[in-house]
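When the chains are written out, they are named A, B, C and D in that same order, and each has its own residue count from 1.
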Amino acid sequence: MNFSSDNVTGASPQILDALMRAAEGSVSSYGADPITARVQEKLGEIFERPVTAFPVATGTAANALALSTLTPAWGAVYCHPNAHIEEDECGAPEFFTGGAKLVHVDGPHGKFTAEALDARLAAAGIGNVHHVQAAAVSLTNVTEAGTIYTPAEIAAIAEVCRKYKLKLHMDGARFANALVALNCSAADLTWKAGVDVLSFGATKNGAMAAEAVVFFDEAAADSFAFRRKRAGHLFSKMRFLSAQLDAYLTDDLWRKNARHANAMARIMADGLARLPGITLDHPVQANEIFATLPAATIDGLLADGFAFYRWGSAETPSIRLVTSFATSEADARRFVERARDLGAKTAAE
Amino acid sequence: MNFSSDNVTGASPQILDALMRAAEGSVSSYGADPITARVQEKLGEIFERPVTAFPVATGTAANALALSTLTPAWGAVYCHPNAHIEEDECGAPEFFTGGAKLVHVDGPHGKFTAEALDARLAAAGIGNVHHVQAAAVSLTNVTEAGTIYTPAEIAAIAEVCRKYKLKLHMDGARFANALVALNCSAADLTWKAGVDVLSFGATKNGAMAAEAVVFFDEAAADSFAFRRKRAGHLFSKMRFLSAQLDAYLTDDLWRKNARHANAMARIMADGLARLPGITLDHPVQANEIFATLPAATIDGLLADGFAFYRWGSAETPSIRLVTSFATSEADARRFVERARDLGAKTAAE
Amino acid sequence: MNFSSDNVTGASPQILDALMRAAEGSVSSYGADPITARVQEKLGEIFERPVTAFPVATGTAANALALSTLTPAWGAVYCHPNAHIEEDECGAPEFFTGGAKLVHVDGPHGKFTAEALDARLAAAGIGNVHHVQAAAVSLTNVTEAGTIYTPAEIAAIAEVCRKYKLKLHMDGARFANALVALNCSAADLTWKAGVDVLSFGATKNGAMAAEAVVFFDEAAADSFAFRRKRAGHLFSKMRFLSAQLDAYLTDDLWRKNARHANAMARIMADGLARLPGITLDHPVQANEIFATLPAATIDGLLADGFAFYRWGSAETPSIRLVTSFATSEADARRFVERARDLGAKTAAE
Amino acid sequence: MNFSSDNVTGASPQILDALMRAAEGSVSSYGADPITARVQEKLGEIFERPVTAFPVATGTAANALALSTLTPAWGAVYCHPNAHIEEDECGAPEFFTGGAKLVHVDGPHGKFTAEALDARLAAAGIGNVHHVQAAAVSLTNVTEAGTIYTPAEIAAIAEVCRKYKLKLHMDGARFANALVALNCSAADLTWKAGVDVLSFGATKNGAMAAEAVVFFDEAAADSFAFRRKRAGHLFSKMRFLSAQLDAYLTDDLWRKNARHANAMARIMADGLARLPGITLDHPVQANEIFATLPAATIDGLLADGFAFYRWGSAETPSIRLVTSFATSEADARRFVERARDLGAKTAAE
C-alpha cells in the first residue's frame, strides 16, 4: 500500500534469479565479462541498431554522466523547470559538467513544446562570450507530471536542436512506462525521433539498482568510459549490474512490468476521477497520478496506512501516487474505495 | 584459478541470501529503511563507538567522496605514489575535491613512514598562498604492495597529521584482510590510532558491490550526504546496498572471508618462496603476492590457464597474485606445484 | 557620444597619475606593498569599521570569487533573473563555486523584495538531500535596470537571510552611483543593512581595471587569498591595482565621478521623458536609462553616430543608455535634442 | 637593490606612456578596439604567421587557461616537478582544467629531456580507463632554474608529443629572456619547433600586468574566449591590457629589456663565479642566478639591504637572484663586490 514512489519496491524475481546465477565463478572485472557483452547486444536489438551502452547504478549518475558528454562547462542544458535533473539531483548535472547551467523551458503538465524551446534559444545569445552557450536539451519521458512525449513531439524538439546544433538527451527513468503507453517501438521513441543519448531506467521498473546510458551518437560516447570511472561509477564486479539489465530485457520483462504499473495507475486514475471532489491535476498517461483531493480525504488515507507524498500547498492540497510492477490490483482498488468512503464521510458531515 | 584480483569473484552465499530477503515488500527509499539503520548500529559495535557511516557501491566512490570532505579544492592530500587514489581511479579524487592535488610520500613496499611524511610537510609552504595547502593524508591498508600498516605506524603518522592540522584517511578496500592479519580490533586499527575517515571495503571480500565510508570525525561527515547525492551515489533502493553490508558484518563473515583469503596467500607465498629462482618482491602480509619469476615460468603458468597480472618489466619479470574468499586451497597448491614443475623444466633445459 | 556602457570610457586623470607614481622603484610583489596596505585602511575609513579587502581586476572575478566563499558546490545563490551573475558572466559563478546553482527571485525593475525571497526559500527544501541547498543571496546595487535598493530594502532582505542562515552578497559594480543617489553612508548601504560581502566596483566609474572584494564577515574571507591566487587573479605587481583604488578613494574622487554620471543621466532622462512617444521603462535612479522610443528615432540616433544598445524586441523597441564620469553635459543634451528632432520629424511624416 | 624577482619592478616608461595615450576617448569594450587588433597583428609579425592571441593580466591565468584548452578533466599534463604550474600557482591548472593531473618528468637544471618524457609516457597506461590520460606537455622557457631549452631540444620533445598525440604548451613567463639568449627567432623557438600554445609573458619584462596566450593550433583556441570570460579574465577596458602589449612589441622594447636583464645576470654570475667559496648551482643562461654561498655572506648581503630569496637548505645555503629591465649595472656590480668583501672577511676570521 505504498504509493510513494516506484523506488520503494524490491525487485522482480527474474532479476534476483539472474543475480544469483551471475554470482558463480570468476569473470573479468570492470565490464569485460560475457553478461555485459550480452546486454549491449540486447540493447542493440531493442533499438534496432548498434548502440554504445554503459550500465550504471543510479538514475542521477545516468543523467549527469550523459549530460556531461553533451555540454562544455560554459554550456547550457535546456529543460523543464520541474525536470528531475533540475529539482531532484542536488546539482549533479552541474557537478558532472563542471558547472554548466540548466535553463528552464516551461510548459503545462511537465512538458515543453518545440516552439517554446525555439523562442528561448532565439534569445540565448549564442556565440556571445558573455553568455553560457546553449549545448543540449533534456526532456523526461515519462515526465515528472506523469505525462508522455510522443515521437512526433520529440521529433519537433529534435528539429529545433538541429537548428541550433544542440544535442538531445532523454531522461528515461520511466522509459518503459512511456513506451508501453505509446505502444511504439524503442527506436521510434528515441533515435528515430532524434534523441542522441538516453538514460534508460530499470531500477524503478523492477531492477535492484541498474540503468544504462545508451548513446545513439557514437562521438558523444567517446569520453564516457573515462567519465564513468572518474566518477566512481565503474563497477568492478560489473556482471552484477549487467545481470540485472540482462534479465530486465529478457522475455519482455521490462515491458510487462511497465504495462502492469500503467494498468494499475489507470485503475486508480479512473476510479478517483469518478469521485466527487477529486480532480486529476495532469492527464494520467503512465504510472503516476497527481490528484487534488479534499484535505480530510488525504488525512484519512494516510491514517489508513497508505503511503504517498503530498504535492500541493495547504490551500490546494494534492497528492502524488506512483504505481509499479509490484502494485497489486487489490491495493489499487482498495485505495480508490477508501478515497470514496472518506469523501462520502466528509460530505455527510 | 583466477588470481588477477579479488574482484573477479562473485559474492558470498550469505550476502546473496540477504539480498533475496531484502527484496521483499515496500520500504522507504534513499536509506530510511531498517536495514540501513541496522548496518549503522553494527558498524558502531565493531568500532566500539558511534560512527557515521554511508554505504556506497564502489571503492573509488568511497575514497573520492571521503577525501572531498577533508580538503578544500586548493588543498593537498599526501599519499604513497602507488596509492590506488593516485594511480587507479582516473583522477576521481581530483574530480570530487574540485581539483585538489595528490602529493607523493614515497617509501618501500607500498608504505611511507611518519618521518618521510613530516619531512615533506615541513617543506610544503603551509600558509603560503602560492602553494596548494596540505589538508589530508591518505594511507592504504592493506597497501598496494600487499603489506600492512600496524596501529603503531598509523599512530605515528596520525601524530604528524595533528602537528600540521591534517585529517587522516584510510583506504580500507582490503581492511578486513589487514585486520585479521594483525589480529587487532577494528578500533585499534582506526580511530584509536588517529584515523578520521575510513573507506571500509566489502566488495573485494565477498560483497557484490558495497563499501561504507565510516566517519570517526563527525564534523567531516556533515556534508557527506549532499556530496553523495550530488555524485549520483545515493541509491534509491538503498536496502540492497545495506543488506550486503548487514550480511557481511553478521556472524563474523567479513573476518572469516579475509582469514581464508590471507591463508591462501600464505600457502602460495610460502610455497613459491621455497622454489629456486623465485623471490617475493614484498613481504606477504595479507592476500596479495608480488613475486619475481623466470619469464618461462610465467609464460607456462598463463598457458596453463592461470590468470594473473604481469607486474614488472621485460628485464625483471614479476607477477601479482591475489587470493580471495573464493580461492580454493586446491587451486592455491596447484599454482605452486605448476610453478615448481615449470621451474624444474626450465632448469633442466 | 558613446552611451553603450560605462566601460567604453578611459580612466580618470587622477587614477592615471597614481599609476605613474606607483611605477617607481622596487616593492614587494603580490600585495605586500605600502599602497595595498593603504587601500585597506581607506576602505576601513569609508566603511567605518575594519574590513578585509582584496583587489581584483574585473567585476566578474570579484563577484565569482566572492560567491565562492559563500556557498558550497551543492548550494544555491538566490538572485534576480536579470542579475549580471546570472546573465552576463558566462557561468563564472558556477565555475568558481564548483557548480552551485543560481536560483531566480523575480520582481519588477530589476529588484526583488524580501517577501518574494522568503516565499522562494520557504519552498527550497532546505536540509533535503535531493535539492541544492540555499546558501547565499546576491543583489545588485545599482541594479541591472538602473534602479536602487535602499538600506531599508536591503535590511529586509538581510533579515530573510538570517532567518534561513544565508549570507548576503552585493554586486556593487556601480556601488558609488547607488551611494550618491541615496546620499547615505557606505556603512548604511552595506554591513549596517546586513551585507556580508561587497563587490566594490571602480572600473566603470573611472578606474582602468580595479575592483575590491570587501568582506564584512571575516570568516568568509579566510579562503579568499587562496581562491584568488588559484584563479589567476593575484597580481604580482599588485601595486598597480591598488594604486587605482587608492586614487579612486582619495579626495572623494569616487563619489564625484558617480555624482557626475548620475547627473548626466538625470538630464537625459528628464529630457527624454518630456518628449512625446518616449517612455522610460524603469525609474532612472542612477546612471542608466532604459527607454522605449519610436523605431525611427532609434535608427536616426544610431545613424547620427550615437552609440548605445538596443534592449527591447522588434515590436517594442527600447534602448539602454549609460552615462559615466566621462560623459559631457553637452553630449547628454545633444542626445535629447536629436531625439526630439527625430521624433518631430517622424510625427510630421 | 632588490633581486627577489623580476616582478618587484615597476614598468617601462614606454609602456606607461602607451597607457596614458590609451586612456583617451571612448572605444568598444571587451577587446573590440583598435589597439587589441593591432597587438594581434604585431604578434603575427613576430611569429611570422597568423596567430590567435588573447591578452590576460597574469601569468597564472595565461598558463591555466592555456592548459585548460589542451586536456580533458581526466587528462594529465606532463611537466618538470619544479614547474611554476606545479609549484607556484596554488593549483590553478587543476582548477581551470576541472581536475586534470600534473605528472612529473624530472631532470637536472629545471629541464627534462625528450627521452625522459618518452619513458614516462610509455608507462602511462594510455587508453586504460583506470588511469588519467596523457593529454599535454608543458615546458617552461626560461626554466625555473634559469636555464634554457634550445629549439632542437623543444623539437625533440614535440616529436614525442606527436608520437603520443599530445599537445605542447610553453610557459614563456620569461620568453623574451630565452629568445635573446638563444639569438633565434620567435618562430624558431615556438611553432617551428612544435609548440602549440605559448604563454607569452610581458609583466616580468617591463609591463604592468599583461601576458598573451598565443595559439599556433587554431582548433585549441576555439573555446578560449568562453573560458577567459568565465574565469573573470576578460577585461572590459581591454585596451589597457592591449596597450601594454602594443608598446612592449614596439621598437623591439621587449627584446631590449630582456637583453639588459640577461646582461646584468651575466655580470653578476661571472663576478660571483670567480669568488672563492661560491658556486653556481645551475648554468646562468638568462636573468636568474642560483648560487651556493657561505651562510655568513648571505646574512651579510641581506643585512646590507640587498633583497633576494634564500633557496637551499640550512646545510647547503643557496640563494636566487633575479635581474630585470630595471636592474642597474651599478647595483649588479655592487652586489658582487659586497659578496667578495663579505667572503674575504669571513675567510680572514
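By our rule, contacts are C-beta pairs under 8 Å (C-beta built on N, C-alpha and C of every residue); 3 or more make two chains touch, one makes a residue touch a chain.
These numbers were taken from a predicted model, which means no experiment stands behind them.
Visitor: What chain is the most remote from chain A, judged by the mean position of CA atoms in each chain?
Guide: D
Visitor: If you average the CA atoms of chain A and of chain D, how many Å lie between those two points?
Guide: Roughly 52 Å, centre to centre.
Visitor: Report the inter-centroid distance (CA atoms only) between chain A and chain C in whole Å.
Guide: For chain A versus chain C, the centre distance works out to 42 Å.
Visitor: Give the residues of chain A touching no fewer than two other chains, as numbers and ranges.
Guide: Each of 73-74, 89-91, 95, 98, 129-130, 226, 229-230, 234 in chain A touches at least two other chains.
Visitor: With chains as vertices and touches as edges, which is it: line, ring, star, complete or other?
Guide: Topology of the interface graph: complete, with all chain pairs in contact.
Visitor: Would you pull the chain C residues touching chain D in the complex into a rising list?
Guide: 1-2, 4-5, 7-11, 16, 19-20, 22-29, 56-65, 89-92, 95-96, 203-204, 208-209, 226, 229-237, 240-241, 307, 326
Visitor: Contact residues on chain C for chain B in the complex?
Guide: It is residues 30, 72-74, 98, 129-130, 133, 223, 225-230, 234 of chain C that touch chain B.
Visitor: Enumerate the contact residues on chain B facing chain D in the complex.
Guide: Answer in residue numbers: 73-74, 87-91, 94-95, 97-102, 129-132.
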